[in-house]
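The following block contains the structure, expressed as structure tokens.
Labels A, B, C, D, E and F are assigned to the chains in the order they are written; within every chain, residues are numbered from 1.
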Amino acid sequence: MRNDGRAANQARPVKITTNYNKHAEGSVLIEVGDTKVICTATVEDRVPPFMKGQGKGWITAEYSMLPRATAVRNQRESAKGKLGGRTMEIQRLIGRALRSVVHLEALGERSVTLDCDVIQADGGTRTTSITGAFVAMAIAIDKLARDKHLSRYPITDFLGSISVGIIQNKALLDLNYEEDSKAMVDMNVVMTGAGKFVEVQGTGEEAPFSRQELDELLALAESGIASMIAEQEQALGPIADRIRGAAGAAARI
Amino acid sequence: MRNDGRAANQARPVKITTNYNKHAEGSVLIEVGDTKVICTATVEDRVPPFMKGQGKGWITAEYSMLPRATAVRNQRESAKGKLGGRTMEIQRLIGRALRSVVHLEALGERSVTLDCDVIQADGGTRTTSITGAFVAMAIAIDKLARDKHLSRYPITDFLGSISVGIIQNKALLDLNYEEDSKAMVDMNVVMTGAGKFVEVQGTGEEAPFSRQELDELLALAESGIASMIAEQEQALGPIADRIRGAAGAAARI
Amino acid sequence: MRNDGRAANQARPVKITTNYNKHAEGSVLIEVGDTKVICTATVEDRVPPFMKGQGKGWITAEYSMLPRATAVRNQRESAKGKLGGRTMEIQRLIGRALRSVVHLEALGERSVTLDCDVIQADGGTRTTSITGAFVAMAIAIDKLARDKHLSRYPITDFLGSISVGIIQNKALLDLNYEEDSKAMVDMNVVMTGAGKFVEVQGTGEEAPFSRQELDELLALAESGIASMIAEQEQALGPIADRIRGAAGAAARI
Amino acid sequence: MRNDGRAANQARPVKITTNYNKHAEGSVLIEVGDTKVICTATVEDRVPPFMKGQGKGWITAEYSMLPRATAVRNQRESAKGKLGGRTMEIQRLIGRALRSVVHLEALGERSVTLDCDVIQADGGTRTTSITGAFVAMAIAIDKLARDKHLSRYPITDFLGSISVGIIQNKALLDLNYEEDSKAMVDMNVVMTGAGKFVEVQGTGEEAPFSRQELDELLALAESGIASMIAEQEQALGPIADRIRGAAGAAARI
Amino acid sequence: MRNDGRAANQARPVKITTNYNKHAEGSVLIEVGDTKVICTATVEDRVPPFMKGQGKGWITAEYSMLPRATAVRNQRESAKGKLGGRTMEIQRLIGRALRSVVHLEALGERSVTLDCDVIQADGGTRTTSITGAFVAMAIAIDKLARDKHLSRYPITDFLGSISVGIIQNKALLDLNYEEDSKAMVDMNVVMTGAGKFVEVQGTGEEAPFSRQELDELLALAESGIASMIAEQEQALGPIADRIRGAAGAAARI
Amino acid sequence: MRNDGRAANQARPVKITTNYNKHAEGSVLIEVGDTKVICTATVEDRVPPFMKGQGKGWITAEYSMLPRATAVRNQRESAKGKLGGRTMEIQRLIGRALRSVVHLEALGERSVTLDCDVIQADGGTRTTSITGAFVAMAIAIDKLARDKHLSRYPITDFLGSISVGIIQNKALLDLNYEEDSKAMVDMNVVMTGAGKFVEVQGTGEEAPFSRQELDELLALAESGIASMIAEQEQALGPIADRIRGAAGAAARI
């Protein structure tokens, strides 16, 4: 029995509140258990210098935690004057993952910036950010697709993410903070609606893991991500239909 | 008639949700119109180096806006690598204002850090931060006072803040963003429950103002702050009683 | 009796040495008691990016103290690698105040940068900087007006500044350092030659102040600033005449 | 046929020159094809602040590329004034991987810093750094174990790393730079001498990958890492015997 | 004939105003032609970490130019967030030069920081800073020697500095800015009262120089520094006598 | 007898390995005793902003030490977030020295960046960098001259550098680290193939030096640099012939 009473293969309750912010082109407040993240999508009619003139768009992400998102207050990176390695690693991961389900040529020379701000943390902030950011991005890009009559619908599939890990030789789905700090192996997985892998990041700093353990973890992640994507579909409503349509079209190519 | 239909001397609706964050010693989500700020209070059993060995506590504040709190996305100060002048000015103001209603000796060598994070901005973010941070701080210090049996209740009075300004020769209370950007004179005022001034910051960059205009603005601010403090009292419930008790005792000294 | 023998409403002696620097378009050494500030005005034929293409000029200021301007050596901000909050607050104040008496359209797309470097500090460095920077700016802009035959004289009025405060329940004009460190209430005021307010920044961190105290402080400041402006007029000679002419014309509009 | 004539499952030639630096406690120049990295191990009798007083040691790594390690000169991070996200991500990975095969209690309160400086890059710099850093670390810790008569031999197993990827639907081992830039899926794997996983980092930014593709990549990596570890054993000579002894003892526990 | 009418071997007029700053332990305003530098000496009862516990003192220097010390305004290094290479080079030179004439053991564990702030520049700012800083330092250390009854007088000799250079094949003493920008060879020399070299820094970026030219430049510098030291002696009055006494004693050892 | 058995006027063995790096336009590994430096030359078809539009090229240098180039590990400047004064001083010196033997007009609007990375240090790293960087630069520029048919061969002479110093009143050539740390006087000299001085940087922080000592040091440096240049000629082979040709032509002008 886990510390919050869940079964090993049971994810925490998910709540996605769309249009949480009145200014952003897309936004959500996503809650996975006690982890709460505000994700906003900003669309701009320009791309970063290294992308100019290629006729393609760009998707990027930034991640931050409010100082008191955690049990002990953490110092602001703005006050430190630099981003930490963990932050950089996470925001690179989020951006990379989201780009995998967007057809950048279809976007045109536009960029979408996803800001993921953790207002309360209880484990799984990076996977929750990916799941939430996908919804904020979908809202923003769908609006763009409708307004600008893009040649092709840019979103090619859904994208969800969850963490898995091993505690006392037992594989568990969706670790909360207390579990995460005791895990011997920790893995973050990102998958598409079609059930393909986009990111697999497993680390056994405390104890190397066998191939069999890896297989168990991947199976857990697969089922967890499917339920995350079901939540996204429900939150997106008619937008989900358009994504499914585009994904089906893509699959037929 | 103002752009949102208010009277000149009418403040926007206020909503204070206490204990918004499960980790912090005190926290609120404060909403003044469409301006929304999360304020958390962190208590630590140490003071900054310059305060050590004086037997006194310290109150300090940090202020930040989420990138998409505003209509146009603003770059994170953590990514820029430094705090801007506006941020520094605001967090110095918040800290200074809050210290004016806390008896630092009574705190002992402890510090309280107020983090004010604007999640949506529509004018008056600094005054809203002060009003909200007071409530978060009061919750945290009240808990401390009950747990540690301090020699004296450290909070000496309520503290509220509001902005006032002049648009087209008319003094207005509680400017929203659209009004703020058209104001010729802009003033932020902080006052105590006893009706005394803690901060008066008026600026007439667009047009210098007369003594009579200053008097009008101060009168508007006085009434607006009184209503802010009424909201604080309601949000704080029994804690408000203890503050009133301490304020009364202080007044009798 | 004050620690240097002055009456409560008596400012310290002022000395303004114009053209103190051979390179700058305008410059002064201003001494108010033992506080000494070098102010230089630099005119450039360009404006910052955010002002481009508006056909208007810009006025900005920078403020710094030499490390040993103070009794205890303070570390250089260049060595720390960043500007402190106090510095940013002061230089924003100086720039804002000066802009209030310049007609930016009349300047054309030019910028004037005022550098205020405190070479010895004894209280009132920000107000002294404003009073001195106005004179340096006036010299530089007057030269510009004569050389470039601007459509309109850009300076619309004089601008002076002084500090006031309350020590032991007594309102005092022009605090020196020792007084400043004992003050319960501290206020910096900036006014025009026409007697209008440009900035009122009062803070009662040590003790909130009543409306009556505020009124007393404003009255003291008003008389002190009038004498500062009289010094400016004398230092500027014929330039002062041209400013008075322009101010009169502006008032008649 | 690959661009350098290798078979799909063939790694590039490896050369490990030990004791490449006269000052460091352990050092190698490792060459994997045209990728060349200098790895030095520095032993210090102290641990970082967050590890103090736990009676345990610490292993950490830093990674850098010389500006002209690459075809196009890259700007120094020292000149930019900050470490990039890629650098941080890599050095966090190296340190984490190495710690997985060191018994930190056995080290005592000592730290080992691995500096991995890429002097020429042709793909696989992070995996080459891990393989080389393990050897430099082993030399340094072995010396320590012999000098200080530690209670237990701190190295618990060998540790090797290699990259794998998918190009034109074909899984390939040990990508060079040209291959890496064309890969749809890219994966870095770190394994122990006992054949367990320490890190699995797969990313399909260009094209999500199926479970079957993942399995193929893992199999390739497993064989490639075994040959990397064989090179380590040969380079380490008698030290390799002691590691094998310790690994055997650990396995029996 | 030079652009200001001087002979090739003629230095510019020198003026040293001692005790220019009321707070510093020693201070001067030194003017060499139109180059003006404020030098202050700060004495502190501690040494930097790398000097602790050696029973010796330390002398260090910082150098800066006001933004408008030059014909074109230069951006503040505090605003840039870092010190430039030229500034670092100069402050390292000043500190090193001054340490050569101070007996650090005699100082005890104290440090003297020399701040050299150029308020107007017209060539030779680094050599003028050295000459001026020596006087400020001498005033501060002499006071210390009298107050603390040090075992030995810490200053072992005078120290002066001047620039020389070659313009159109002609060696010139004490270049002003216009000359400096046209010089093919530029050399800064620091010497003691006893006529020994402390620093010789010659550079022929524009044109390499022969041994004969080097000899000519050194001869010019020697005569120029002797006159700088004569100015120091006059400015220091009775302190100069004590330095001469100590220098004589040192020479006899 | 010196600590490594050399005579006072004997330099350490020199080894120059050209084309050490496969990517750079020119590169060497230079070894002077145990000091080892990788120098690479990067040619780019652009110049820094301050050189634009002058029809001239630019030569610049960067210098760095690997953390464990030294007996005690030194922290990376990239991790500190800024370049130290010593680094800046050295890279300014290298760039300035190299520019003295290049005809910048002949280069056209191109820049050559010399990266000097010390992989092992044992004294004389800056002089070794200059000697090695000249060879890397010569390879790169010679290639340019052959490819682009420049109007004139841009390299005007050879350039070598060596250190000299005084230990126990004895002048010594080419100090190693142990000698360097005991030297009373330390001098770095850069000379051309024609025997002219480009840089003379002598410092007597520990003990001022006489004119006679200076002469002795310069004579030693002259002979040492001649042998360094002989090594350059041998390493450069036919390129050396072309430089000699160009130098002869320049001398005849």
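Simple rule for what comes next: a contact is a pair of C-beta atoms (placed from the backbone, for glycine too) under 8 Å apart; a residue touches a chain by one contact, two chains touch by 3 or more.
Because the structure is predicted, anything quoted here is derived from the model rather than measured.
Q: Fewest touch steps from chain D to chain F?
A: 1
Q: Which neighbours do chain B and chain D have in common?
A: Chains that touch both chain B and chain D, as defined above, are A.
Q: Given that chain A and chain B are copies of one sequence and touch, is their interface built from the same residue numbers on both sides (over half shared) or different ones?
A: The interface is built from the same residue numbers on each side, given that over half of them are used by both copies.
Q: Calculate how many whole Å lie between the centre of chain B and the centre of chain C, each centre taken as the average of the chain's C-alpha atoms.
A: 29
Q: So what's the Cα centroid distance for chain B and chain E, whole Å?
A: 52
Q: So the centre of each chain is just the mean of its C-alpha atoms; given that, what is the distance between chain B and chain F in Å?
A: 61
Q: Would you give the residues of chain D that are in contact with at least 2 other chains, written as numbers and ranges?
A: Chain D, residues with two or more chain partners: 81-83.
Q: Under that contact definition the chains make a ring. Starting at chain A and heading to chain B next, list them in order.
A: Starting from chain A with chain B next, the chains run A, B, C, E, F, D.
Q: Any idea which chain E residues touch chain C in the complex?
A: 21-24, 27, 34, 38, 40, 42, 44, 62, 64, 66-71, 73, 76-83, 87, 113, 115, 117, 119-120
Q: In their shared complex, at which residues does chain B touch chain C?
A: 82-86, 88-89, 91-92, 96-97, 99-100, 157, 187, 191-192, 194, 196-211, 214, 218
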